[in-house]
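The chains carry the letters A, B, C, D, E and F, assigned in the order they are written, with residues numbered from 1 in each.
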Amino acid sequence: MKKKVISLGDVMMRLSTPGSSRFTQTEMFNILYAGSEGNVASALAGWGVHAVHVTRFPDSDLGRAATASLRKFGVDTGSIVYGDERMGLYFLENGAMQRSSKIIYDRFDSAFAHIQPGMIDWSEVMKDAQWFHWSGITPALSQGAADVCKEALLVARKLGVTISADINYRRNLWQYGKQAIDIMPGLIELSDIVVGGVTDFENSLGISVSDFEMGCKEVQKKNPAVKKIANIHRESISSSHNKIEGLLWTGKELLRSQQYDLTHIVDRVGAGDAFMAGLIFGWTNEKTDKQTLEFATSSCALKHTVEGDVNVCTVQEIESVLNGINVGKLLR
Amino acid sequence: MKKKVISLGDVMMRLSTPGSSRFTQTEMFNILYAGSEGNVASALAGWGVHAVHVTRFPDSDLGRAATASLRKFGVDTGSIVYGDERMGLYFLENGAMQRSSKIIYDRFDSAFAHIQPGMIDWSEVMKDAQWFHWSGITPALSQGAADVCKEALLVARKLGVTISADINYRRNLWQYGKQAIDIMPGLIELSDIVVGGVTDFENSLGISVSDFEMGCKEVQKKNPAVKKIANIHRESISSSHNKIEGLLWTGKELLRSQQYDLTHIVDRVGAGDAFMAGLIFGWTNEKTDKQTLEFATSSCALKHTVEGDVNVCTVQEIESVLNGINVGKLLR
Amino acid sequence: MKKKVISLGDVMMRLSTPGSSRFTQTEMFNILYAGSEGNVASALAGWGVHAVHVTRFPDSDLGRAATASLRKFGVDTGSIVYGDERMGLYFLENGAMQRSSKIIYDRFDSAFAHIQPGMIDWSEVMKDAQWFHWSGITPALSQGAADVCKEALLVARKLGVTISADINYRRNLWQYGKQAIDIMPGLIELSDIVVGGVTDFENSLGISVSDFEMGCKEVQKKNPAVKKIANIHRESISSSHNKIEGLLWTGKELLRSQQYDLTHIVDRVGAGDAFMAGLIFGWTNEKTDKQTLEFATSSCALKHTVEGDVNVCTVQEIESVLNGINVGKLLR
Amino acid sequence: MKKKVISLGDVMMRLSTPGSSRFTQTEMFNILYAGSEGNVASALAGWGVHAVHVTRFPDSDLGRAATASLRKFGVDTGSIVYGDERMGLYFLENGAMQRSSKIIYDRFDSAFAHIQPGMIDWSEVMKDAQWFHWSGITPALSQGAADVCKEALLVARKLGVTISADINYRRNLWQYGKQAIDIMPGLIELSDIVVGGVTDFENSLGISVSDFEMGCKEVQKKNPAVKKIANIHRESISSSHNKIEGLLWTGKELLRSQQYDLTHIVDRVGAGDAFMAGLIFGWTNEKTDKQTLEFATSSCALKHTVEGDVNVCTVQEIESVLNGINVGKLLR
Amino acid sequence: MKKKVISLGDVMMRLSTPGSSRFTQTEMFNILYAGSEGNVASALAGWGVHAVHVTRFPDSDLGRAATASLRKFGVDTGSIVYGDERMGLYFLENGAMQRSSKIIYDRFDSAFAHIQPGMIDWSEVMKDAQWFHWSGITPALSQGAADVCKEALLVARKLGVTISADINYRRNLWQYGKQAIDIMPGLIELSDIVVGGVTDFENSLGISVSDFEMGCKEVQKKNPAVKKIANIHRESISSSHNKIEGLLWTGKELLRSQQYDLTHIVDRVGAGDAFMAGLIFGWTNEKTDKQTLEFATSSCALKHTVEGDVNVCTVQEIESVLNGINVGKLLR
Amino acid sequence: MKKKVISLGDVMMRLSTPGSSRFTQTEMFNILYAGSEGNVASALAGWGVHAVHVTRFPDSDLGRAATASLRKFGVDTGSIVYGDERMGLYFLENGAMQRSSKIIYDRFDSAFAHIQPGMIDWSEVMKDAQWFHWSGITPALSQGAADVCKEALLVARKLGVTISADINYRRNLWQYGKQAIDIMPGLIELSDIVVGGVTDFENSLGISVSDFEMGCKEVQKKNPAVKKIANIHRESISSSHNKIEGLLWTGKELLRSQQYDLTHIVDRVGAGDAFMAGLIFGWTNEKTDKQTLEFATSSCALKHTVEGDVNVCTVQEIESVLNGINVGKLLR
């Protein structure tokens, strides 16, 4: 029987300029539908997991297109609800070399931001689920979204569903009167697995440390439910060239994955979500912590080779790369 | 010396599906920047008029792209102001045959909707102007926009600038607590030239008649300042095939233009704005009422042959068509 | 609870030249995945029906892409099986005016053509189903496909599932040693609803008549199980301009739908499948025969306005067109 | 053994705006290589004729691309010569409905315009040839081109090669100091077959008549070598809709082809060349005058259904259309 | 007089995803026509060689498009034969960084696979030829293709035509009941020049060595007719970054070319064919072994800079690169 | 008040092959309008400078499109004049790795090449100007262009406008009978700021030195008006990878900027113009020589990250890069 993983979060229309075009140059946008938690669900669905994504879309052709996009990835869209408001959007301009990539968000007032407790029947949604995933973007969008997130977490804990949280701190969200530090501690304390780095710890949890390992220990001290903490360490040489390495604090020790040299980046958006999806896949498939970390980091690396927010590479491709098999060969 | 025409109104990013694609099918949008009053200004600028468009854009790459687009048409963008909010958007799906074209607006909360009296120095903007043009879309967007529109009208009247109004009634705008009937009469009474039909008269002016000519007489009775009233009469055989005819109430008689059979429509959005621009061009160039009406209707017809909201056809092309010269020939 | 409709048939990769390009001119193909019965399922899924499509795909990225495409339309792909062989293909060149559209099939030896009885657990698939749909293309592909079709029909009859058959006679299929006349009578006699015209009756059932109504009576005489027979009557003025009308023999009388003048055809492939889907939708939703015929014919007409084999228009759009509401208007 | 047909003339790079875009809107051009006489050669090569096109290209990548394009059509490019000058160009904007199509030529000073007598070994080129084709564009380009044209005609006559001439009068060519009336009579008098209408007769031959048949008789009176005269009669309802009919003066009587209603024109450039090619094909394949005229007119009609200057439709397609077989059907 | 080189082999339609798109993401394919031996012929034709490619295509628009494509490259297509079967296809997904490029072949049952001895008049084709080229792909496709290959080799030897063989071992071909080791030795023993590496030697010739030079000596020992053996040594750092070096066993010594660092690969398919073409060009133009190897390796390197299977770079460009002249400069 | 900068020079239509396509492969060109001095004006306009570009265009849709393009960048086009001749063109093929980029110019006989003294009212144009910029391309095009350049320089000197000159030596221009060495010394001696390298000094000024600093001293010795000399030092590793460094001779010392490693070049055309624009921006904004050099070199580097001839990056982006802030980060 398939593993069942539940995720919650807004999915936006992504409008990206073609090739190296800038916002001020383009006469067209490529579009697709994406959002941090939905990206995790989409990757997992592609790997054979029963991934249920919960969100709220406008009851319009754009909302229907977003649902169809998730279905195409294989995500179970049966728990999505619909409302009157607008589709959240984000505009993406791909950088090159010394020129940075840029995102302009236009997501306030989206149908998801208007979600309210009671709209989702969480007991029904979480039935038979192994895992629930949320990220710090959801409580940043509106009080309603924060409340729904809490509502879900309480049901998940009650049902013994494992909970993962990607802190995903973004300063320019949190516009509805609350700050991350007001809300996130109460949500993280309900979570089993956390992804984040020292900046996330400081802004969302009030933990100021300069070292990841020290930070992990502090997070666990304050949040006894948290069992493991992971993060991607990224070195940005240019928009076209990064190096990444995965880190995992197992509760006892700090594991490091092999490093990947990403010399010709195709699209780096969603790389963190590919890492998150890899962690969930590893642990729900009884991989060891080390195997899970290597799988997740390889997933993250391969995400940089494909367009879009979702890692559409297969389990076999991810494992080939982490094992150094056929890398860069022409497969006939 | 060039004629100077001022216009006021929001300019949105237009995102249209390519060819016959539907919203639920497309993976890209063609984009350009458009809005009823800015379309009028753009057409006029292309015909050699000094057209100044007044609007408010977000202070972002998208706002800068919109300004650049107006500049490309030759519009004077020196009076545009910038603010913090978002760019208004509209999504367009082109119909075909029995399938209707569809527009999804996403324009609430745009930078323009946040315009407030005092932001524009109207005395400066209107200096040496012949004409001021506004439409019923502006007061429909927000109280601030309605107030700025009134502010502009009062300055225009004081300076003796001719005022044209396109009633442009759209039921699903007017969401800020006021209805057209609350606001429009106070603006139309300040205007010299009006474009509208019986539906506009009923919804925006409270004048219920079934006949255009009767309606025009009623409008003038209630609004002594209004001198002339024009409209396009359109017969929609299908999304691909329409017939149009221009009507002009001169205050004394009803003139009718020749009819145009539009058998292979390329893009009908902005056709009313092309008509409006033609009227302004005719009257500011001392054409007779009949000549002005024929020019405006030919402009409207030619707009259906080009993509985008703006009639990019030249004065010479418009006059060739209305005179039946070289129509449909291959010009080498 | 949703209606459940089962369909069986090959789904191919469709490779179409862009715009008016010919096979000998093009440097690219637009692709999508399509096949007569899967098109029916896709339209039904878009209208809210629980549509389960049964097929066999190659276990490759192309097979996975085909599955994802069906999922995007909302089709339940849980009963699809996978094998080693190739993806069936068809190449499409769109005609214009006097130049005919052309299809080059490259579908022999597809994974579906290698389907064998026993590969599908029909009792499981048909559980709780209202309807089973098949077409004459399936038995034309291979002995195995013909056998699986029979296998499905027998289970459907046993479970009391209504059966629809689209005769879909194509001379250049039937290459495996059998002719339509050898196989089709044994399958049609198990069906409740038939779509076909006089050519189909002659080639697939051995019934030679020149008149549709007479043919229907003959079909029923030979096949007592058949309750209703429908067809689209098409007049091809050119590749760009057709007229269509729906016909339905109710068992008692011949009903005719309103006629549609299709003056600017976008894509006529799949129009028959849109008609078929409309019939199934009407009858499973307790519409009368007349309502069902009008719905199906309007669905067929609207299919000509969209690219691809599938009618992606909504129930509301189909009903607006058949009721003459807003046809060809710009909907804002 | 294949028929051998020789043609002479400049081949330009054609740069056309995509879809309905105007010159002032486009950010790209579709390109191909075309010219009146080369278009004739390309159509003939597609129909199995050994078509040798003689021209002069710049010795650059653009010249090589033009040669490759002719080769792709199957034209024998072995007699092309190369020089230092530039590639001739023409820019094409496709019209729609009332908006005319426009061509901007940029062809002066092309490598072909610098051709000089002696550069082509005509005795070698014309060996075993049945037919030589030239048009009035060549002598219009430069004195050198006019001289080379005469040089070719004299060799052709000496060798008994049939000569066809398309008068193709274009007022805005003829910029090198000579007018058509100075040059064309001396070339037409060497030709066997002429294509042209009353405007061509007047401007190029000084024959002023209002009626085609009368004009033909006058042309023959002055030019005893001319045996037959043909033309396309075109009615331009709009850029999207034309009607055409072929006319042929056999020397004894005026034949008229069936009329074609071209309701959705894809690209009308090169239609005259498709007619010319059809005439040459008919007569070199022993068709009667009537058959030849019908073939040529059907070829002309089908040209309007394809992009580019060349009729890429096959002999079978042309004959199906003129016989009314399968017109507008979907051929599977 | 031009050198005449004959090649034999299937040419497929290549369908490649645009940019970095994956098979499961794309909605279009770029197409061109390619195959190992035809790629060699196409490169040679571009360099001024009289290259005759022999193959068998379906008698359809797709077969005609393939022929036209070869003609565009300048290949002599006069010896191609046509039959009823299908066009072979291959699908290509371009990799990026750690993600490998993938090819899905769909070439079984192609018209070429149905070629039979007697279909080609080899004595006629080989008249005046200097060189005949074949590869190990042809005998892998079918018994008929293997027989035709042998037939050609025997005629070539009889006429004293130099024979080159590219072993090109591909495990997943050879599906018709024979293995490479059954067929290839009998064909290689008739060849003068061989391209291959240690894997090819092992699988196709049964020679197991770990070192190229040792392998060459063994090949020559077993095949006295073989005079020279060459290969590309490739280091695959990633899909985007390779290093290559050419190796040539002259019969006496092992020559090594300069190494090329290919840091931003555009398209690596056909690189081996560009090397092969370079060898043939060098030796038929009386270059020394060292010059020939450097030319061939530079040709191989430049192939990685262009899209498609064929090296479309000129002789002058190849020589500039191998001499380090203007490399990477902007040439105005 | 805005700085006012005047520039003079031809603006061509640039036709570039898409992606990595070669001239002999492409079926389309991307177009934009560009030229060395207009590129400088466009960059400056984007940075808020009042940039007036003076040129002469054909009075056609192409000339109007070129004007519109400059307007889109914000350039003041009010001083452009129009004439009868053609638009200058250049064709661009982007290189990759070892394959060089290529430009084919087709600019002779352009409307600008026909410019004559007296066509521009320089006293009016230069009113209130701070700066006049010209380059060595203008006097290379025609005697008229050289004369107009001199005319402008004399007015500028008289009015005390600072003059910058980009020597821009191109051997294959200078076709009208004069060589650079005949004309350039008389123009450089009127200039304050010079951009050029040792090759430029030799060919345009007759100064033969092997070292930039020595050359600068010689230039100043001969041209006392010249105050500062700058250049970009470029190392071309491949078409995809360059390193650049800016050099500035202040009259007293040689300053060097930081070096930029350009590892994934998007488009290097116009990089020198971006450097030139950066110098003008720096000095007209009271930056120090060192700050100006760093700004100009960062501008040059960023130009390599965008398509087109113009640096469309903002002042803030340029300063971030030179200060190493957020380089290669994803900015949300």
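What to note about this one:
Operating definition for what follows: contacts are C-beta pairs under 8 Å (C-beta built on N, C-alpha and C of every residue); 3 or more make two chains touch, one makes a residue touch a chain.
For clarity, every value in this text was computed on a predicted model and none was experimentally measured.
Counting hops only between chains that touch, chain A reaches chain D in a minimum of 2.
Among the other chains, the CA centroid farthest from that of chain E is the one of B.
Once the centre of each chain is set as its mean CA position, chain C and chain E turn out to be 44 Å apart. Per-chain Cα centroids separate chain D from chain E by 40 Å.
Among all residues of chain C, those that touch two or more other chains are 22, 24, 27, 68, 102, 264. Of all possible chain pairs, the ones that touch are A-B, A-C, A-E, A-F, B-C, B-D, B-F, C-D, C-E, D-E, D-F, E-F. In the complex of the two chains, the chain C residues touching chain B come out as 260, 262-267, 301-302, 304-308, 312-313, 317, 320-321, 326-332. Chain contact summary for the complex, chain F toward chain E: residues 19-22, 24-25, 95-103, 105, 170, 172, 236-242, 264, 268-269. Those residues of chain B whose C-beta lies close enough to touch chain A in the complex are 15, 22-24, 26-32, 60-62, 64-65, 68, 86-87, 89, 91, 93, 102, 104, 106, 108-109. Against chain B, in their complex, chain F makes its touches with residues 68-69, 71-74.
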